[in-house]
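Each chain gets a letter, A, B, C and D, in the order it is written, and its residues are counted from 1.
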Amino acid sequence: MNAPRRLQVAVVGAAECPPELAALATEVGAGLAGGGAVVLTGGRSGVMAAASAGARAAGGLVVGVLPGADARATPPNPDVEVALFTGLGQARNQLLVLSAGAVVAIGGGWGTLSEIALALKQGVPVVLLDSWSLQRPDGAAEPLLHEAESAAEAVSLALALGRRGAAGGA
Amino acid sequence: MNAPRRLQVAVVGAAECPPELAALATEVGAGLAGGGAVVLTGGRSGVMAAASAGARAAGGLVVGVLPGADARATPPNPDVEVALFTGLGQARNQLLVLSAGAVVAIGGGWGTLSEIALALKQGVPVVLLDSWSLQRPDGAAEPLLHEAESAAEAVSLALALGRRGAAGGA
Amino acid sequence: MNAPRRLQVAVVGAAECPPELAALATEVGAGLAGGGAVVLTGGRSGVMAAASAGARAAGGLVVGVLPGADARATPPNPDVEVALFTGLGQARNQLLVLSAGAVVAIGGGWGTLSEIALALKQGVPVVLLDSWSLQRPDGAAEPLLHEAESAAEAVSLALALGRRGAAGGA
Amino acid sequence: MNAPRRLQVAVVGAAECPPELAALATEVGAGLAGGGAVVLTGGRSGVMAAASAGARAAGGLVVGVLPGADARATPPNPDVEVALFTGLGQARNQLLVLSAGAVVAIGGGWGTLSEIALALKQGVPVVLLDSWSLQRPDGAAEPLLHEAESAAEAVSLALALGRRGAAGGA
């Protein structure tokens, strides 16, 4: 009998970020790995690299879903252990969020916003940490969207939300 | 010698919308077609169908970029003349915006937001009409993002912005 | 009441080809357009450009489904009237064949073979013209696969096969 | 300092296969894992499941790149430890081969052929084992294409070819 697959959680954020956000991302990555989750990221620098470093230092498995077709086009950060080279550009954001039981968004620019939106569109819960402030234009509440005040809270929310579904891509 | 390709403009918005938004979308579709642009949409109902109907009634060419793998999975609306069946689900949003010289977003939910974000991430100008109100978390201005007060203003903005680049996907 | 969408037929082949294959592709493009079909290609040079030129000269509509994210990355050939910039690289082959009621493969290298295989995998009929010779390893017959002896035969086969389904992506 | 990423090798083949091919796939999966490679598959049944079982039993890491958007659409086989839900249908074949330093094709139908062709088109070496017999229509030799007589030979070829590049997606 096989053990069930582990929860997969995506950490998304910009490829360039100030040190405070990188510190949050490292703490989130470590917390998720400590909680037993596989950490998925876009595989690049900034928030993605910081989350990867935190997760790996905590003994976790780090999967990078890269936009380029190979390591020359988009080199993975050094803490990516499994690298998926998609060659899809920003369309890779789609499979990153679909493969996650929950998404943690830290800071972020337009790419991050696309990941938040793609997740919510397709039923994947999102935890915002120092990220976009979002309200639907029709004013409707979005039960899948959560805001965390700290890295620790983001971790517990993501683990809890992800576990409600199955082991990622639920 | 060939004529240069025509400008391609995408109209994005939700598959369900109130009549006021549908009326705006129809007017935008007609205006874009009247201005000589090929109208791209996601090919489905709601804002997409209304924009398609407006464009086609004005004699324009309407291209639908559908999420499903065939017409059974995701039937195009009746005004789609060229139907691209992508089988990519919401990842089709990526090619819809990349193929446009400008994007007009009308109303919209999370899917629309993903299209706005993917466009801005990749340098495609966006005109918002009764749509999301967006400000980057870092407060930075986004020169590619515009708000229109009317369908007519959305059309002129999109045509002007699109023409600054080449004929779509500039 | 809207007219039904027109049949969409894809012509696939290599970006570099000898003059004999280009001549066949031009004839196929012209024949398909003359038969009322919208011609889809990968939008680039070689077989794709020749088929586009033939179709456009015959008054047809030519849609190019390009691998790059914009016209700088992958310039469409001059006879492409609607250009889809996918940014998906060779994954664009998938939507090219899914959007076709039938595929005509002329000559071709590995990219062409991937298009033939993706079409057959997903139920889209393929007409081979001076192209790969294929037999399943299990020896099973493939009812969707046809060989033509001439451009004219390729055109009639593709039009007939495409019409059996709906207007492309059937 | 981080260890370099491990070699990633894809094993591709049909979702239904006779017991002889399943036995070969299991042996290949085990050999690749024993050689230190991460094993990538399409995540489903048949050859994919057999390769996954072999790799996991040998202590390897098994990554499944699934066509569906979630586990309900396309359930991973029980030996997939990291599941990527792409929602891309057969376009997922593209990222499966791009992420591999080498591809082993076992038996196979049209989907497998598309993976072989996409790999060769993009410079990824392919080892055939009881699979398609392929010769370019122009008669040109294909230095990236290899045939193995046994599972053991397929494993050594794939490991050697993959190591010539970097750790997958080289």
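Rule of thumb we're sticking to: a contact is a pair of C-beta atoms (placed from the backbone, for glycine too) under 8 Å apart; a residue touches a chain by one contact, two chains touch by 3 or more.
Everything numeric here is computed off the predicted structure, so don't read it as measured data.
Engineer: Using the contact definition stated above, find the chains touching both chain C and chain D.
Structural biologist: The common neighbours are A, B.
Engineer: Going by the average position of its CA atoms, which chain sits the greatest distance from chain C?
Structural biologist: Result for the farthest chain: A.
Engineer: For the copies chain A and chain B, give the interface type as same if over half of its residue numbers appear on both sides, and as different if under half do.
Structural biologist: Same, since most residue numbers here occur in both copies.
Engineer: Round to the nearest whole Å and give the separation of the Cα centres of chain A and chain C.
Structural biologist: 39
Engineer: As a quick test, compute the distance in whole Å between the mean CA positions of chain B and chain C.
Structural biologist: The mean C-alpha positions of chain B and chain C differ by 26 Å.
Engineer: When you check chain C against every other chain, which residues touch at least two of them?
Structural biologist: 69, 87-91, 94-95, 122
Engineer: Specify the contact topology among the chains shown, as one of line, ring, star, complete or other.
Structural biologist: Topology of touching chains reads as complete, every chain touching all others.
Engineer: For chain B, which residues count as touching chain C in their complex?
Structural biologist: Answer in residue numbers: 2, 5-6, 8, 38, 56, 61, 63, 65-66, 69-71, 76, 78-88, 94-95, 98-99, 122, 166-170.
Engineer: Please give the residue numbers of chain D that touch chain B in the complex, ascending.
Structural biologist: Touch list, chain D to chain B: 69, 87-91.
Engineer: In the complex formed with chain D, which residues of chain C make contact?
Structural biologist: 88-91, 93-95, 107-111, 113-114, 116-118, 120-122, 130-134, 136-138
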